[in-house]
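Please read through the structure below; I'll follow up with questions.
Residue numbering begins at 1 within each chain, and the chains themselves are lettered A, B, C and D in the order written.
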Amino acid sequence: MAKLPVQFRLNGSDRATFVDPSSNLLDTLRRGLGDFAPKYGCGQGTCGVCTVLVDGEPQLSCLTLAVTCEGKQIETASGMADGPNLQPLQEAFMDHFAAQCGFCTPGMLTAARALLARNPNPTRDEVVEAISGNICRCTGYEPIIAAILTAASAPGARRA
Amino acid sequence: MLDVRTCASLSEAAGILSGDRQAMLIGGGTLVMRDVNEGRLTEGTLVRVTDPAYRQMSVSGARVELGAGVTMAMVLASRELAYLHAPARGIGGPAIRTMATIGGNLFAATPYGDFTVALLALDAQVVLQAGYGSGRAMPLEDFLAGRERGGQGLVTAVQFSRPQNPSELFFRKIARVKPKGISVLSIAAHLPSSSGRVAQARVAYGAMAPLPMRARGVERVLEGKALDQPAIQAAKQAALEGCRPATDAIASEWYRREILPVHLGRLLAGEPR
Amino acid sequence: MARHEGRGMASVNYPIGMNLGGDPSQALIHSNPDGKFTVALSAIDLGQGMKQVSRQIAAETLGVPVEDVYVDTADSDTGPHDMGSFASRGTHRMGNAIIVAAREARGVLLEAAAEELEVNAADLVTDGRGNIHVRGAPSKTITVKATAQAAQFKQGKTIAGRGIFLIPLSAVDAETGEMNPNTAFAHACLVADVMVDDETGEVEVLRMTSAYELGRVINPRMVEQQLVGGAWMGISHALYETPEPYYPNPEHGPRDFNEYLMPGPGDIAPYHVTVLERPAPDGPFGGKGPGEMCANPVLPAIANAVYNAVGVRVDELPITPEKILRGIKANGGVKQGPRRGGPVNWG
Amino acid sequence: MATMEMRKEIFADERDDNLNVIGKGVQRQDMPGHVTARTRFFDDHAFDGMLHLKVVRSPHHHARIRSIDVSAAERAPGVKRVLRGADVPVNKNTLLSLINFGKDDEPTLAVSKVSYKGEPVVAVIADSEAQALAARKLVRVEYEQLAPVFDVEEALKPGAPVVNETYPGNYFEYHQRFDHQKLRFGDVERAFAQADMVIEERYQMSPIEHAPTETNGSIAAPEHNDRYVVHSCAQGLFFSLGTTAKIVDLESNRLHFIGGTVGGGFGGKVDSLTEPLAVLGAMLTGRPVRYVLDREEEMLYGSPRGAERIYVKDGLMRDGRIVARSIRSYFDAGAYTRLSSYAAIKCTAHLPGPYWIPNVSSDVYVSYTNRCPSTAMRGFGVTAVDFALEVQMDRLAEAANMDPMEFRILNAYRDGDMKAHRRVAKNTALIECVQVAADRANWPLSEQARRASSLGGGAGERSQIPATQLDARGQIGRPDSRSGPPTQVLPPGTMRIPLSKQPIMDGARDGRATPTQVPRYEPQPVAPPPMPAYQPGSQAYQPPPAYAPPPAYQPAPSYQPPPAPPAPPPAAPSQHGAVRFSTVFGTRRR
């Protein structure tokens, strides 16, 4: 089966690669383009560690056909920091010790980023809802929820 | 190996699907891509639809039509569809809802398919297109009955009458995990009232049978009654009529049968779950 | 409908390190020419914080700022042998190996400083901020950086250390079970408050209150991470999880995170922990290891709270709503136990 | 909301808190990497020309393999190699063979029969994951189904289906003598007879899956110098390296394992589920090979925390004292041993929980059943028994009409108490934990309970080893092994195992700085009375020849541990783990 070209903006840069027609976006980002921020956790849409933003909306890259991303804006956790400067969301995750193994963190940050872009002042319930598709097996979620709430109240949080 | 065909029109997609037995529609990808990733689906053609009609919503008239490619996130973004927000929010987390479509939910295997349960309570019709012909509408219940046989054509939209009083549509999903878990069971009830009495009740369950089902016994005993304690008691008595729940990883058949009347009673009484 | 509140408790201890010993850990430490240290291990960080625990133990022992130490793990070409990260052995076993290695490196560092300052190394102390000075005479001082430069470029010394920690393997008696299993134990007591729905059997954990004795706490933020995350896992084990929901019938195994039940972010119970520190005689700075035990008391405490709430003993994990509902029916209704104490005192 | 406070004043006199960075909540070294997504896990490494490995698993719980046909799979697009059991150089292993404990019992790829649903039979290696998945469907395996057994007690009954031919009785063999591990301390039967109440209950923990967000996996790639680099999620790097070296029959220094940054483990990444096949694939194809379990495989076949069934029988006095505790428990190992054999010993050491009880006995079995082999998990050997013991404690408190907290404090072990495994308790703190938790939960305690302390009230009479009734229960080869009769009474104070040695902390040249506490490690001297003239060889019940254990496994040459130093005869434990555990466990001082 011939490979197909696909081109999109990844974290603000134009990127192009060739994929199998049935390749998912996760494999394309990781093995095609070397962006290892989204992780493989299930390939089923049940864990959230592969969450990316497609045109600003959270999407599971493992369930997304790569060819459907032609011309779209893809954002991953590796594009969050502004050079060496962390976003308030990232700083809040650090301050709250909101990661242990760190495997769910890129997906969590991405899910939180989607929430704060839409709703800069979320309630706790809204935070809980926003990360409800993201599994964390280490932290018990509490520090993650606290970090997102802190980031929301931080000056400049809107950038997140 | 798998190929992907992108179709700019619904009729093109319908044509491919009726002509090629190895062709399969891919909507949001939440069902199909899992089968691809896990190696259950390795041959054939994935058919993708980019026709704007596929994602069209007409929500303001008396008759509501939602394209099969409309996502749960689109439902949640629509103020006119507030009465469907509870079932839409019952589907996955935010990322799943960006992707999962109404059409896909019609094909989700039990205990999934909670949005379809709400559509059953709205007496929805499914619009199907077979081959390059024009569409035909079919009651959702009939569509579901024939779903496993396949070959019904491409689902292009669902239609239903907009509830006169949106607050008369109730939805409750009972899950072990909060806020996102799959169903132990789900209940949708459309209970239009006319001078204080239920008229043309439509009650539907998810996960209480191999397919989302109508609770005809409950509908019957509620018809023409005020929603008072005796009526609720009668509804609970009739709740299990026609139920054939499964035992699965989430709950046993016994447990589903035990708690369905409880949750139905609480829903009808306006009590929290 | 009725919901019933109940309260239960459990107290436990937990052995630290591989049972019977025989589980060595090794560490290597070396300094760059400017007095910045690398600790090379083959220990595993699963998220429990092995890297940071190792870093703090190395920095404390060396007497240098924690920022001046990085831990490189795990590469079998550079990190010497370690049994692995399991059995709550990381902090205890590897921590001790790091102390040994860091003491050796510190010895060379102080010898080099002594040579530069023309004093006896035994009279030198570190201030933990990157300086070495004569005890009681802070003005007679040299930086770690200058010492390392002198050691390597002038004196020809390697500021490095190697360490191993091993509790020798011991035997078990076949007939009595006599053995030397462990050298350190951590302790805990946990109180769970639950609400049980007597029509559905559903349990809501309202709050948990615990006290943990963990030996010396190396890093309180990381201890909190373990205890909070572990308590969540305890709730999960108690009420939700199993890959065989109808064990020993092997059917209906969950295939994904939807079917494998665990508490979601909407199921979290408020939790208060008090930490006590009775140092382990042979632990690194008295440290034990909280990583494994922190789920254990939650399971029985919740089971006992459910019993207190509705009078049903569920002796088979997980405590599903079905088992509770069946128990209530078998008992002919709810039998609530005695009230225990008043509102919590988390002040 | 989660809050944590430190109660520094408790045990303050046992600590020197004048430390620089120990005890400080400084930021984790790995946190910047986590929040910027720069942390690299095993799968976050790119290799040109990387191949993908997928395995064909048994659809049956128990079946003989009649035939395997891989010809169609070998011809499928992109397939580079198909592996069968015969391709695995050493296709039988047991994890703890690295410390010489137990017999090799588990194949990497099944050859003649499968013993659990999901057991790997064939591995397919292809250019892409999709091609490997497609080719996997083309492998044809014919099975003849066998009767399975799923219940731990059913499995031990005569005539039960044999799950694991290496252990034909479906139990792990301890000390080459018994079908389980024993604990005997005092005389429980006599104490039960004298107790005011005897309470016996059955507890069951179902299996639990570790469910780390990162599934098990590894990437193996040929490296320069004829070596193989392996990016691994292993929880024990050298454990996995050693296991892999043995299975693929390669010198250990030709393997370069890199890992240490793992997406959660909880015990589920100790088993080296993927490394051997990934390395073998790289050896046979000359290409990098990636083998990652998908989530369904991880959930169903990634080895869970095993189920445990536990019977607890307690003798209780009306005043709340527990005078006897007897436990019979069964670890469900699944089809192969993995680490269950170790857990049973750890569990035995843990009994009877953190309480002082003058008469204790236990019989802990490891049973083989036709399910996925179980393995270590957070709290291994302890979590389930703690559940059983603490629910039992709640029952006992109720039976004694006592508050559960007060009941714990009354029975808590304290410094100086003799534990059932015949070592003195030190550094205890159960009572203080109960007191503080009660205070914070606003759970009132009596003045007496509030005044209790782990530091006092133990030792004395409680430090003595009682006369102990021994028995032959479970002796391998005895026809009535379940009800083995009493054999002899060990006199009070009998100890047969040498006290543990000082920990070895080798490498220090600088004896001056002792920032850690000086190890105080030797158990309190409990004057053992003269050893009774006990000669195990003279006992009547010797295993008949039919049950003689097979020749001891010889470890792979590359993992020969250093030779044991001269030891007291016969084969007392060495300092280096060089002695076979099976021998160690069977050894007693004479």
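Keep in mind that, in the parts below, a residue touches a chain if its C-beta (ideal position, glycine included) is under 8 Å from a C-beta of that chain, and two chains touch if they have at least 3 such contacts.
These numbers come from a predicted model, not from an experiment.
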Please identify the chain with the largest separation between its CA centroid and the CA centroid of subunit A. D
The pair out of A-B and B-D sharing more C-beta contacts is A-B
What whole-Å value do you get for the distance between subunit A and subunit B if each is reduced to the mean of its CA atoms? 29
Mind checking the centre-to-centre distance between subunit B and subunit C? Centres are C-alpha means, answer in whole Å. 47
Roughly how far is subunit A from subunit D, centre to centre by C-alpha average, rounded to an integer in Å? 37
Note the residues in subunit B that touch 2 or more other chains, in rising order. 1-2, 36-38, 179-180
Subunit C residues touching 2+ other chains are 45-47, 49, 221-222, 224, 228, 230, 233, 245, 253-260, 262, 264-266, 271
At which residue positions does subunit A touch at least two other chains? 20, 22, 42-44, 46-47, 97, 99-103, 125, 128-129, 131-132, 135, 137-138, 140, 142-143
Touch graph of the chains shown: is it line, ring, star, complete or other? complete
Where on subunit D does subunit A make contact in their complex? 1-2, 27-28, 30-41, 43-44, 46, 50, 128-130, 211-215, 262-264, 266, 292, 294-296
Quick check on the complex: what are the subunit A residues that touch subunit D? 20, 22-23, 27, 30-31, 34, 36-37, 39-44, 46-47, 49, 76-78, 80-81, 86, 90-91, 93-94, 97, 99-106, 109, 135-138, 140, 142-143
For subunit B, which residues are in contact with subunit A within the complex? 1-4, 6, 26, 28-30, 33-34, 36-38, 46, 48, 73, 89, 92-96, 98-99, 179-180
Going by the contact rule at the top, pick out the subunit B residues touching subunit D in the complex. 1-2, 36-39, 42-43
Which residues of subunit D touch subunit B in the complex? 54, 77, 130-131, 133-134, 136-137, 294, 296
